[in-house]
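Below is one structure; the comments refer to it alone.
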Amino acid sequence: MRYDQYMEEVKKSNLNAQRAKKRAGIQEDITTAEKKMKLVDDTIQTLRKEADQLAKDAEKKQDFTLLSKSNAFRKKATEKQEEHKSLKKKIQQLRDKLKEMLLADFTSATILISFGAVLGKTSPLQLILMAFFEVIFSLVNEFIAVEYLGTTDIGGSMYVHTFGAYFGLSVSLLVTRQAGRESPKEGAVYHSDLFAMIGTLFLWIFWPSFNSALGDDDQRHRAVLNTYFSLAACCVTTFAISSLLSKKGKFDMVHVQNATLAGGVAVGTAANLMIQPWGAILIGVVAGVLSTFGYKVIQPFLCEKFGLHDTCGVHNLHGMPGILGGLGGIVACALASEAVYGDSLPDVFGDRFEDPPADSTAKAPIEVRDAGQQALMQLAALVMTLAIAIVSGLFTGLILRCVPGLDALSDEKVFEDEYFWEEVEAADSSHATTGYHMVQQRAPAEVEAEEGTPHTETYTKNGKQEGEAQV
Amino acid sequence: MRYDQYMEEVKKSNLNAQRAKKRAGIQEDITTAEKKMKLVDDTIQTLRKEADQLAKDAEKKQDFTLLSKSNAFRKKATEKQEEHKSLKKKIQQLRDKLKEMLLADFTSATILISFGAVLGKTSPLQLILMAFFEVIFSLVNEFIAVEYLGTTDIGGSMYVHTFGAYFGLSVSLLVTRQAGRESPKEGAVYHSDLFAMIGTLFLWIFWPSFNSALGDDDQRHRAVLNTYFSLAACCVTTFAISSLLSKKGKFDMVHVQNATLAGGVAVGTAANLMIQPWGAILIGVVAGVLSTFGYKVIQPFLCEKFGLHDTCGVHNLHGMPGILGGLGGIVACALASEAVYGDSLPDVFGDRFEDPPADSTAKAPIEVRDAGQQALMQLAALVMTLAIAIVSGLFTGLILRCVPGLDALSDEKVFEDEYFWEEVEAADSSHATTGYHMVQQRAPAEVEAEEGTPHTETYTKNGKQEGEAQV
Amino acid sequence: MRYDQYMEEVKKSNLNAQRAKKRAGIQEDITTAEKKMKLVDDTIQTLRKEADQLAKDAEKKQDFTLLSKSNAFRKKATEKQEEHKSLKKKIQQLRDKLKEMLLADFTSATILISFGAVLGKTSPLQLILMAFFEVIFSLVNEFIAVEYLGTTDIGGSMYVHTFGAYFGLSVSLLVTRQAGRESPKEGAVYHSDLFAMIGTLFLWIFWPSFNSALGDDDQRHRAVLNTYFSLAACCVTTFAISSLLSKKGKFDMVHVQNATLAGGVAVGTAANLMIQPWGAILIGVVAGVLSTFGYKVIQPFLCEKFGLHDTCGVHNLHGMPGILGGLGGIVACALASEAVYGDSLPDVFGDRFEDPPADSTAKAPIEVRDAGQQALMQLAALVMTLAIAIVSGLFTGLILRCVPGLDALSDEKVFEDEYFWEEVEAADSSHATTGYHMVQQRAPAEVEAEEGTPHTETYTKNGKQEGEAQV
């Protein structure tokens, strides 16, 4: 992995740490509360039984003292009922607080995605400020989408991937200098490619748990399966398309590292819905084609035509697949009927139903929004996400560009680690750094070219430099 | 990891994706079904209680209307009983469908193992065709072994490892050209060794869950423990043997990367049986010795005498340990008595027992096959696996060799990535490729030798080439 | 990762394997036993009900035969009660045996930490002997601390990290030769740094499960959360401090690889206590500062002044944060009141409570040690751990130094893999080895300097050597 990515790691932790502070309640005992509740419930049962028994006896023996006794029991039971309710509420609160932690991770993911578009072209200070703004804007977007529009997006295709990608791209549009677009130092080499693959493996393995983290029971179960199906289908497709798009039918590591994951992004919104395996696989296939095509064709085009430079190609892995995921969610919501979901419909689409009024005899939740309306809301959320991401991204980019003292990168600092990372060798810096260029960015020949020292000289006169250059 | 392995990754996904399509049912609600069943069961209980109560009263008051009422209740309960059965059946079906997914992964593992024997000597097209045939043959073998012979092999020592290894070796015997056997490009270098170690770590960590995935409750529990014990013992043994087999008492990375995992392979069949920790450790120790000895002595011998070339040494890590696992399973099955397993015997050895006839009063399952017979069946499965693997492997190898248009590798393409992977550097291919040789296969000195350019010249005349060569 | 670490891996497995042998009981069925117990309990219930019913009838009909019958039932129930107890005991034993396995892993961790202080300066034989002694001493320490002092340390801040670090440092003090302190071969290069980061990621991801492994229910739950909070806070702090301590405000990979984990170490003792997220975060922040400062300032100071050489800086990642964890535990124990912990106090602090005497009517456990006393005990355990670790470490170091035939490293063998690992290239050893130096330790220029061959010569006369040197 590239060093920069650890700078992202720190941001991620940062966010979690900040939110963690607000989460004292978590530490209380969920299970203790549950035990208490069980006790209360048992008491209620016993009281009611006793009351019934007494009532019967009272009737039999026509004894009114017994009857009053029975009523007393019933009254106690009703009191206990209150205790039951408050405990239930408390447990729910504790559970919600745990979900907050997950949401913190989701927000971190959003930030990391955005960073992907500007890495190597921004300073740590700029990244920190960027993260600060993005946390606010992305949560505003998510809050409106969830609380007001009542939309569902368990894997964050919209709130996380789409928002992160287009926010980052908007920032990149404003902060990228010409030097960043055409730097010879950008790009991978054999080893950094292999390192990146390890990252890909981690993401592949943990993606199902990411998409299913916010679900319960069957929804989580489905989210894991659908994500797995989509990822598998996407992985196959990517290899095929990568080879098809190549002149000599070769595979491209960039596609293998990135596009193979697009299926996980694209199935995010619909992961917990009953889209059936064929649905998940279809999404994965389309995502694989879209993402690979993006890396091969769309990204270079955007960079050339609009100067939109995207270091890690987040537009191909998160942007377009994210939108695809949003669309998939719209379709899945439009098709969600009780015939398919059975009793679980209200659980899955909480916002489509309301609890029956207390006085009514009906127990089943009442439908207040049909499938079509839900689909429209999903569409609204997707459009809003794009709008907020782009506008707030441009706003943030403007700030990063104009605010002084953010240590913005001059041309020679672009895509260089040496300015932000201690050299590995304790030895004299410039050389170890030479070593860095090589492994990370380009061939030492270029280094020397830059340094204007013919190679042979370097060797005879300064073995050490080339020495480290070979590291 | 080597690039080739990602070509395997894609196959794996491929298989899963294909099977996934057939698995619509999965999406339905297991837990919902379970809730329903609980409701039904409660109803049955209540109906029966009511019926009993009514019967009593009827008797007391000699009231026949009550009696008939009671019978009505009983009848309802019997009807509900049917509903209970159908629900139970449905839940079982959903569970089975999930197991299918696991089996898909197992089959993928089989394919990946076989690939290990032919990597670097086959084209992507050949690998795809090979996977196609192996899926069929390996599943035929597994089907017969499980359905007809009623054998157990929870970790796939026989169905997965033994089959995969000998199928791959048979293919290799027919597709490997002389150039593949003596290519100077084969072999690891410092970095590829470290990458491979990361793969070893992943496998070590996830092996217990692989061996236990198909078990339930205690069986899963035992499988995890036994696999862990066997792996640990094997890991220790491998280091010791590796040092003992070396002239200067040095450790060999090839052994550390591979033989340390042999314990996981060898305990596969018996993992869920009560072999006790000492049994698991014994298996691990023998596997470690066998595997290390295989890499050091047997593999070179086979290659020299029979021209049997085994790129990743699958014979040492999967072939021999797999057979060892099969034998271990035979012994474990022969020793399986009710004295040791108690009530769980029928759960563990489902094929040794039958449900009692409906009319019989006996409730316990009836033993239809004793431990000895089970052991014999296990032996039969092991022999059959070897037979089918070798025959179908030779058949597949013949096809890969003879069918035209499969893009079979010419001598110079053997163990070269450049023909199937885009170079990392956008720069002119030959150079980036030079970079590849180096890191992956051999020293640049050889590269130059090949290219017939004395080294100093390379430097003075063409810094760039050597430059990338140093990456 | 460095090759040496796999030598540690083998030790770890070794220990587990040894202990595993003693653990036959595990294989028995926990769940089967639990099922049996459930049956027994049901029987008891039914018997009692029957008895009550009979007693009532007896009273009503004044029938003494019924009464005796009822008593017979009660007697049976009491007998069954015994069976219930024995089963419960058996299940507990099985559970304890599982915990033994975890403790084996913990001890392995202790050994691995100690190895970190002497890696590259000791021979495999010395490491094995060192492990042998440390297992004994560390378990003696843990036994006294847990059984006699009744202290708590779920994540092993004291028993594992503090002990391991100071034991290893004491050994290092006696086994490190001058050559080891000033070897030019020590230190990382770009690639080994990235490999180490992968190790850091693994540790970061699995640390919460390590700290929570020994807890149950809420305690495990809290341990996971607290560890996560502490790690996150520590990660942020480390980046900040690393940059602050650098002249040019650069980040240092050594800090990122190590100090980012210090939070996991420091929260170990208090992880399962109700320290609230702010407590966990505070611990993480302090740990990050302490650890980074240790790498930057304390470690060089100790090496210079006292010749205390610490290869992996275990003092900074495990030693000081471990002590910090011990102190954190003391505070957390001092503040542990029933007001905060509610009913769970006796579960969390088992040693502060005793079961009420059988004859007493009270059911709640009786407090025998107050929070202050517990805190004192924790302090005692911390001091004892330091004392035993240092004394036994010096003792072990003396043995490693004096006992002949342990293959102690001569000056030129220090920080060299080639003497204990087969070269990667089958080619002539010296060259491949040259390759090793490079990637692992230093620039080839140094190699040549050492070998006294001017660079150009190397090239013209012996391309191959430089060739592999470039690997």
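Letters are used for the chains, namely A, B and C, taken in the order the chains are written, and counting of residues starts over at 1 for each.
As a working rule, a residue touches a chain if its C-beta (ideal position, glycine included) is under 8 Å from a C-beta of that chain, and two chains touch if they have at least 3 such contacts.
In this text the structure is predicted, and so the values were computed from the model without any measurement.
By the residue-number overlap criterion, the interface of chain B with chain C counts as different, with under half of its numbers used by both chains. After Cα superposition, the angle needed to carry chain A onto chain C is 120 degrees, rounded to a multiple of 5. Annotation: 32 Å between the Cα-based centres of chain B and chain C.
Annotation for chain C: residues touching 2 or more other chains are 191, 198, 439, 456, 459, 470.
Those residues of chain B that touch chain A in the shared complex are 1, 3, 6-7, 9-10, 13-14, 16-17, 20-21, 23-24, 26-32, 101, 124, 191, 195, 198, 202, 419-422, 424-426, 435-436, 439-440, 456, 459-460, 463-468, 470-471. The residues of chain C lying in touch with chain A in their complex are 187-191, 193-194, 197-198, 201, 217-218, 221-222, 225, 228-229, 231-233, 235-236, 238-239, 243, 246, 248, 250-253, 256, 260, 274-278, 280-281, 284, 342-344, 438-439, 442-449, 454-456, 459, 469-470.
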